[in-house]
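Written out below as C-alpha cells is the structure these notes cover.
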Amino acid sequence: MIRLNQCDPAFKYEVAATPGGEGITTCFACAACSARCLVGELKPEYDPRRIIRLTLLGRREEVLSSPLIWLCSTCYSCAEVCPQQVRFTDVLTAIKNLAARAGYAPPSTRATARLLARQGRLLEVGEFENQKRSDLGLPQVEGAPEDFQRILGITPQAEPEEEA
Amino acid sequence: MRGLLFLGCTVPVRNLNYELSARKVAAALGLELVDDTALGCCGFPLKSADQAAALVIAARALARAARQELPLVALCSACAGTLAEAAHILDHHPEQRRAVEERLQPLGLSYRPGVEVRHFLRFILEQVGTEGLAAAMKRSLEGFRFAPHYGCHFLKPSEVTGGFDDPEDPGSLARLIRLTGAQAVDYATLKDCCGGGVLGADEELAARMAARKLLELNQMGVTALAVACPFCNVMYEGQQKTIAKRLETKLKVPVVYVTQILGLAMGYSPEELGLKLNRVKPKDLIKACKE
Amino acid sequence: MARVSLLWVERPGLEGLEPAAVARAAGVELNSGGPVEAAVVTCPAEEAPEPLRQRLAGKPVQWLELAAEVGGGDGAHRLARAAAAVARAAGRAELATLPPVYAPQPAQKVLVAGRGLAALAAAHEAALAGHPVLLAGEEPTRPGADDDPAEVERLAAGLPAGVELASGCTLLRLAGAAGDFRAELSRRGKESFGAVVLAPGGETVSCEAELALDWSWVRPLPELLASPPAGEQDRWLQVALLAGVSRPTTAGAFRRAVEAARRLQQGDFVQVTLFFREARVASEGGERAYRAARQAGVLAVRVPEEGLVVRDGGRRLRWHDPLLDEDLELAPDVLTTAWEARAARPEFLDDPVQWPAWEHLLPDNPRFSGGRTAVSGLYILGPLRGTPPGADRRAEAAAAAGDLHRLLSGGEVAPMPSVRHTYCARCLTCVRTCPHHALGHRVDRIQPAPAACQGCGVCAAECPAEAIAPPGWSNPELRAGLQRGLALAPDPKLVVFTCAGSGRGALDALARQAHTWPAGVLFYPVPCAGRVGLALVLKALELGARGVLVAGCHHGNCRSVNGNLRAQLRVDQAARLLESLGLRPEAVRFLPLAANQPRRLARAVEEMAQEVAP
Amino acid sequence: MELAEKQTPVLILGGGVAGLAAARELARRGVACVLAEREPVLGGRARGFACKATTACARCGACRVGDLLAELAARPEAELFTCAGAVAARRDRGRWQVELAPQPGEGAEPFPARALGERLALTCRAVILAVGYSPFDPRAKSRFGYGRVPGVISALELEAMLAQDTLAGPRGEPPRRVAFIQCVGSRDQSLGHLYCSRVCCGYALRMAGRIRHTWPESEVSFFHMDLQTYGRAWEEALPELRRQVHLVRAMPGEVTRGEDDTPQVVYSDPAGRHHREPFDLVVLSVGLRPPKAASALAEMFGLEPGPDGFLQDGPEVFVAGCAQGPRGIVESMDHAARAAAAALRLLDSGREAAHG
C-alpha cells in the first residue's frame, strides 16, 4: 500500500529542476516508451513508465535507491517515441545524478571518475599500446589528465588506490 | 575538407582495425583527419553520475575543435552523440553554458557555438556524397550480404542528429553498403540496442540484449554484421563467445566495421584495413578481396 | 381534371425508348406541338430548351430526369420503368391543376424559451431569418450554467429589433407542430407560434453525483477557485479532484477541471490529484490545458470503471495501480469534483398523450442535428440536448434557425396532406403514427399543422380507409403506377421500392455508373419506406410481381424517425401472411440501406431477382 | 488580360460537407452564392466515406453528403464550380474581390457543378472558407510502418475499402485480426500537434463495429490512450463495444514486419507486460491537420493565425467546418450554418445601411 500523504510531492519538481529532467511531469502514461524499451522487454521489472510514475507520486527514496535506475542502456528509443517529449533517457540521467548526490551511485561510477582523472581516458595508453599503434602505422596517442583533474576536482595521488 | 579526429577512449586502444580502416577511407576520399592527441574522453562515462562534469568534458573537446575551426569527427557513436548533444545543450540552455564556461576558463578554453559534430560515416556521406563515394569504389562486393547495425547514438536523439536519417526507419548505413555493390539486408532486430550501455551494471542483461540480434543473424546467415561503433563491436564481436556459452549454443556471426567494407570496395587489402584484428572473421569476404 | 401531356426531350440515357410507347403505357398523350394543359417533360428544368420553358411558363409541369429513372438493361423493362415514372409524374402534374384548397397559413412568430447562450443565439438567428421572436424565460439574458458570461452579455446587449424579451415569463404548456404551436405562457396566457425553441440554461451539477461522497464536506469547484487554498512546507495540502470517476465526463467538463487543477496546483505546497476514467480532451484547447496541468505538477490518475473506492464520504480514496501492482491511498484535505451543466426537461414534455417519449422526441439519428426534434418545428438546444458550450451552441442555434425558416417559409416543405373527410373514420391512426407529429384532431376532423408535414406518407400507408395522403402519394395513385409498370415488365417482375433517403440515392449512384440491372426489375421511388405499407406490398404481388423488395434507411437513420421500422414491420407482416397462405415468405423483403451503399442495393436486387425468377 | 467578371453576395471556397451545407443554408434563405471547389468533384472527402451501419445506423453522417448534393442540384441559388481555386483576393470599398482560376483535374462531374473554364474575377460581400482539412500523413510516424510494412493502412484507406467493398488482407482474404492504432498524428507534442482530432475514436470504433458485423469471426483490437465521446448513446454502447472490440489502453511502440510479412504490433499493456502481437491488418487512425491551403488563404484574406494552424474568422470572412478545427460530418454541417448566418447578418446590415 502506497499512501500518497506520506510521499514527497516536491520530488518531481526536484527532478524537473535537474537538467534533462524537465519533461518528467508531462508524461500522460501512454506506454509507448515501455513498448520500445529493450531492457524492459528482457527484464520486466524495469519499466520506464513505472519509474516515471513512482517519481510523480513522490516515492523519493524508493526511486533513488533502486538498482533499476542504473539499467538504462541510453538507447534513446523511449525518447524517440514519446508523444509528449518527456525524454525519459534524459529524465533518468537527471534521476541518476540525484541518486549519485544522495550516495546511491554504484561504486563503478567513482572508479570511472578516478580513471579519467588519472589517464584522461578510460583505457590507459601506455608504451605497449603506442608500440602496437606504430607497428600498424598509426600516430601516437597521449592523454591530458591534468585537464580532467581540474574539471573533476580529483588529484589521483590524493585518492586511495582502487578498492576492488 | 578537414576534420578534427575524435578517437575517444576505446578506439585507439581496442579497435585499431576501425581506426585503420577509417583513416584509409578518409585518405581515399581526399579528406584530411587532423589529430589532437590530448582530446581524450568525451564525457559519456560520467553522465549518469555527474552530467555537469560530463558536459564540461565534452565542451572541452568542442572548444578545442573551435580553436582549430574544424568540425569534430568521431568514430565512436557514443562519442559523436555525447559531443553533439553537449553542443545542443550549450546552444539552447544559457544557464548551463554559463556554468560550463566558468569551469572551462581555468583550462584556457572557451566554448564557441557552431562547432559541427559528426560521426565519421555521416561526415563522409555529407562531405563526399553518394556520387563521390561511388566514384571512389574500385572493387565490387556484389554477392555479399551485410546486416547494418545503426546502434543508438549514431542517429538518436533525433533532435540532436537533426534530419540526417530517420532512426525509426534508418537507411544511411544500408546506402553506404549498397554503394559497394553488396546487399544490405533488412532484418527484424535491425533497431535493437547492443546492450553495451548496461554491460557495467548487469552483464547478463547486456548479453541477452546482444543475443537477440546475434541469434537472428546466425540463423539468417550473412557475410557480416556491419557496425559503426566500438561499443557495439564489444558486444557483438568481443562478447560473442561468452554469449554463445551463456545460451549454450554456437554463434558464428562475423562482425566488421562499415569502414572496413568501404575500404575493401575502395581497393584496400584486408591487411591494410586491419581485418586480421577482427575476432569473428568474414572468411569468404577476406578471401575474395585477397586476389 | 386536366389532360396531361408528355413532352419528350431527348437526353443521354433515353436512347432506344419510343416516346409514343412510353406515353401509351403511362396513359398520357404524347404532345407533338399542340396546346398543353399540364405536362411531364423528360428533362430537368434547367436543361430544357428556352423556348420550351417559355411555352410551359405558368402551367403545371413536372420536370423529370427520365434517364435516371430508366437506367440500363433490356428494352422491355426500361420501357416499364419509364412508363411507371411518367405515370407518377403525370399524377402529380394533374393534381396541380386542381383548384386551390383552403390551407391555413403557418404562424411566423418563433418562441424561444430558455436562458443563456443557446437561447440568445437562437433568438438572434431566428430574427435574422426574418421571424418575429418572443424570447421568454425567468431571466433569458442570464448566462447558462457553463456559458462564457462575456459572450452572453454581448449577445444580450445586441438583441435585434425583432426580438421581444419577456423576462419572468415561463412556458407552461405547449401543443401543436410547425406553423401552429399553441403555447401557454405565465403572465401572457395563450399564444400561437410557428416554431418553438427550448433552450434552458441548465444548472451546475457535479459530475460525480453518483458517488457516495459526503456532500457537506465536498467543496464546490468554483468556490474553491475563488479562494485557492495553500499548504505548508512540511505539510502539503492534498486536493483530490474527481473528474469523471463514476462515468467519463464531457470534454467541456474535463477541460474546466484540468484548468482548475492547474490553478489550484499553483498554490503554495498544494498537491492536486486529478482522478478520471478517460481524459476527455476532445474540446478546443483541451489537450493543451491537460498538458499544462501536468506540467504544473498535477498528478493525473486514471482509474478503471468502479476503480476508485470511496471511504468516509471521500475522506479516504483507494485505488489499485496495475503498473505498480500496488494499492494506493490518498486522504485528501480537500475534495472537489468536476461539474457540468444539466438542464431539467420541462414538465409539460412528460405528458405522454401530447408528446412522444424523450428518446423518441430526441432521436439519436444523424439526420436530427441542428437542434431538430421528431416534432416538426420544435427545437431543443444547449444543455438540455447535451451540446457542448461555446461555438457548438452557436452553430446549433444557427442550424435550428435555418431549419425553422425552411419550414415556415414554405418554400421547401411538402404541401399539406390532403384528407378525404368523407372516408375518414376518425380512428386517429394517422395522428398516432405521423412521425413528425404533424397531424392533430380538431373538433371533428383530422387537421394537419400547416408547416409540419414532411411528405413521408406514413399516414397514407397506415390509414385503414385511404382517407389521407400527401399529394401524389395516395394508394390509388401508387397502384396506377404499379399497374402500368408491371403490365409491361418481363418476369420476374421484381418490384423494388426505394426510399428517397437511401434507396433512391443508391439507385442514382448506380445509374451514374451505367449499372446493368437484371431483366424484370421495376424500381418504384417512394418518399419514405414507411409509405409502402401492407396494402401496396400485397397489391404488387396481386398485380403479378414475383417479389417485393423495400429498400429503406438503416435503423436510426430515417428522416421520418421510424418510417423505416414501420416499413420493416409491414414487410414482416406481409411475409407472415404469405406463409399462412402457403406461399414463400421470402418473396417480400426489407433491405436496410444508405444512399452511399449502391453496391449493397445492386447485390440485394440481383440475388432476389435470381431467387424469385420462375 | 481581361478577366470574366461576376458579382455574388457570398463566395464559398470549398465544396465539401461544410461548403455545401453553407450553400444550402444560403439557398434556403433565397440568397445566391458562388461555390468554388478545387477538386473535380463536389462532396469532399466525406463523399468517399463508407456507411458504417451494422444492425443500425452508426451515426457517422456520411450519407448526408448525398442529401446536400441532391438539394443543391434542385436549387437555382447556388452556382457551383469545380476545378476552381482562389488565387488572389483583395478588399475594396467593403467588397472582396477574389480571383478564381481553373485547376487541373480529371473526371469532373457535369452536374450539378461545372468545371471552371477560365479565370473569373468575383466581387462579393462575404467569403466563407470551407476548405476542409488535410489528413495526417502517417509516413511522418515511420515507427508505425506505413508504406513499409505490408498490411499497415491509414483509416482513410479503410474508409475507401469499406465503401467499395474491397477490404482484404495482403493475400486477398478478408482480415481475421485487425488492429486500430489511435492518435496517429494527434495529441502529439513532438509533432507540435497538441490537440485531439475529436473524430478518430468515433470513426475508428464505427469501422471496427462494421468489420465485426460483416465478419463476425474477425477480431479487432483497439489501441488507444483515452476514448473520446463520439455520440449521445456512447455510454450505453460501451458494454456492447467491449464485447465487440478488444480495447487496449496503450500507445504501441511500433509496428514491425512479422513472420509471413504480416504486421506485428509492439506494445506494453497497462500492467507493464510486453507484447508483440501479430495482425492481418493494422489501421492507423490518422488525425486531422489544418488544410494545406491554410497559410496561403490566411495570407490572401489577411486572417490572424488560429490555434494549431487552423483558420479563424476575419473581416467579412467566415470559416466553416474542419477548416476551423477538427469536427465530424454532422457537426460540420451545423458549423456551416453558423458561417452562413454570419454572412447573412453581414448582408442584412448592408441592406439596413443602404436604406438608412
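A, B, C and D are the chain letters, set down in written order, and residue numbers restart from 1 in every chain.
Methods note: contacts are C-beta pairs under 8 Å (C-beta built on N, C-alpha and C of every residue); 3 or more make two chains touch, one makes a residue touch a chain.
No experiment lies behind these values; they were computed from the predicted model shown.
**Student:** So, comparing C-alpha centroids, which chain is the farthest one from chain A?
**Tutor:** Centroid comparison gives C as the farthest chain from chain A.
**Student:** Quick check: more C-beta contact pairs at A-B or at B-D?
**Tutor:** Of the two interfaces, A-B and B-D, more C-beta pairs touch across A-B.
**Student:** Counting only Cα atoms for the centres, state how far chain C is from chain D in Å.
**Tutor:** Distance between chain centres: 22 Å.
**Student:** Need the CA-centroid distance for the pair chain B / chain D, whole Å please.
**Tutor:** Chain centres of chain B and chain D, defined by C-alpha means, are spaced 45 Å apart.
**Student:** Distance between chain A and chain C based on Cα centroids, please, to the nearest Å.
**Tutor:** 62
**Student:** Among the residues of chain A, which ones contact at least 2 other chains?
**Tutor:** 26, 28, 47, 49-50, 77, 80-81, 84
**Student:** By the touch rule stated above, which residues of chain D touch at least two different other chains?
**Tutor:** Each of 143, 187, 189, 225, 254, 270, 272 in chain D touches at least two other chains.
**Student:** Residues of chain B touching 2+ other chains?
**Tutor:** In chain B, residues 168 touch at least two other chains, as defined above.
**Student:** Would you identify the shape of the chain contact graph, picking one of line, ring, star, complete or other?
**Tutor:** Graph shape, chains as nodes and touching pairs as edges: none of the named types, so other.
**Student:** Throw together a list of every chain pair that touches.
**Tutor:** So, checking each combination of chains, I get A-B, A-C, A-D, B-D, C-D as the touching pairs.
**Student:** Using the touch definition up top, name the residues of chain A that touch chain D in the complex.
**Tutor:** By the definition above, chain A touches chain D via 26, 28, 30-37, 40-41, 44, 47, 49-50, 77, 80-85.
**Student:** Show which residues of chain D lie in contact with chain C when the two form their complex.
**Tutor:** Chain D reaches chain C through residues 25, 28-30, 47, 49-51, 53, 55-57, 59-67, 70, 76, 163-165, 187, 189, 194-196, 198, 201, 225-229, 231-233, 235, 270-272, 307, 325, 329-331, 333-335, 337-338, 340-341, 344-345, 348.
**Student:** Using the touch definition up top, name the residues of chain B that touch chain D in the complex.
**Tutor:** Contact set of chain B toward chain D: 166, 168-169, 188.
**Student:** Mind listing the chain A positions that touch chain B in their complex?
**Tutor:** Going through chain A, the ones touching chain B are 19-20, 38-39, 42-43, 67, 70-77, 79-81, 87, 89, 93-94, 96-97, 100, 105-106, 108-110, 112-113, 116, 119-125, 129, 132-133, 136-145, 147-148, 150-152.
**Student:** Taking the complex as given, what residues does chain C use to touch chain D?
**Tutor:** 46, 125, 128-129, 247-248, 250-251, 278-288, 291, 302, 322-323, 325, 364-367, 369-370, 386, 391-392, 394-396, 398-399, 401-402, 405-406, 409, 411-412, 501-502, 505, 508-509, 553-557, 592, 594-597, 599
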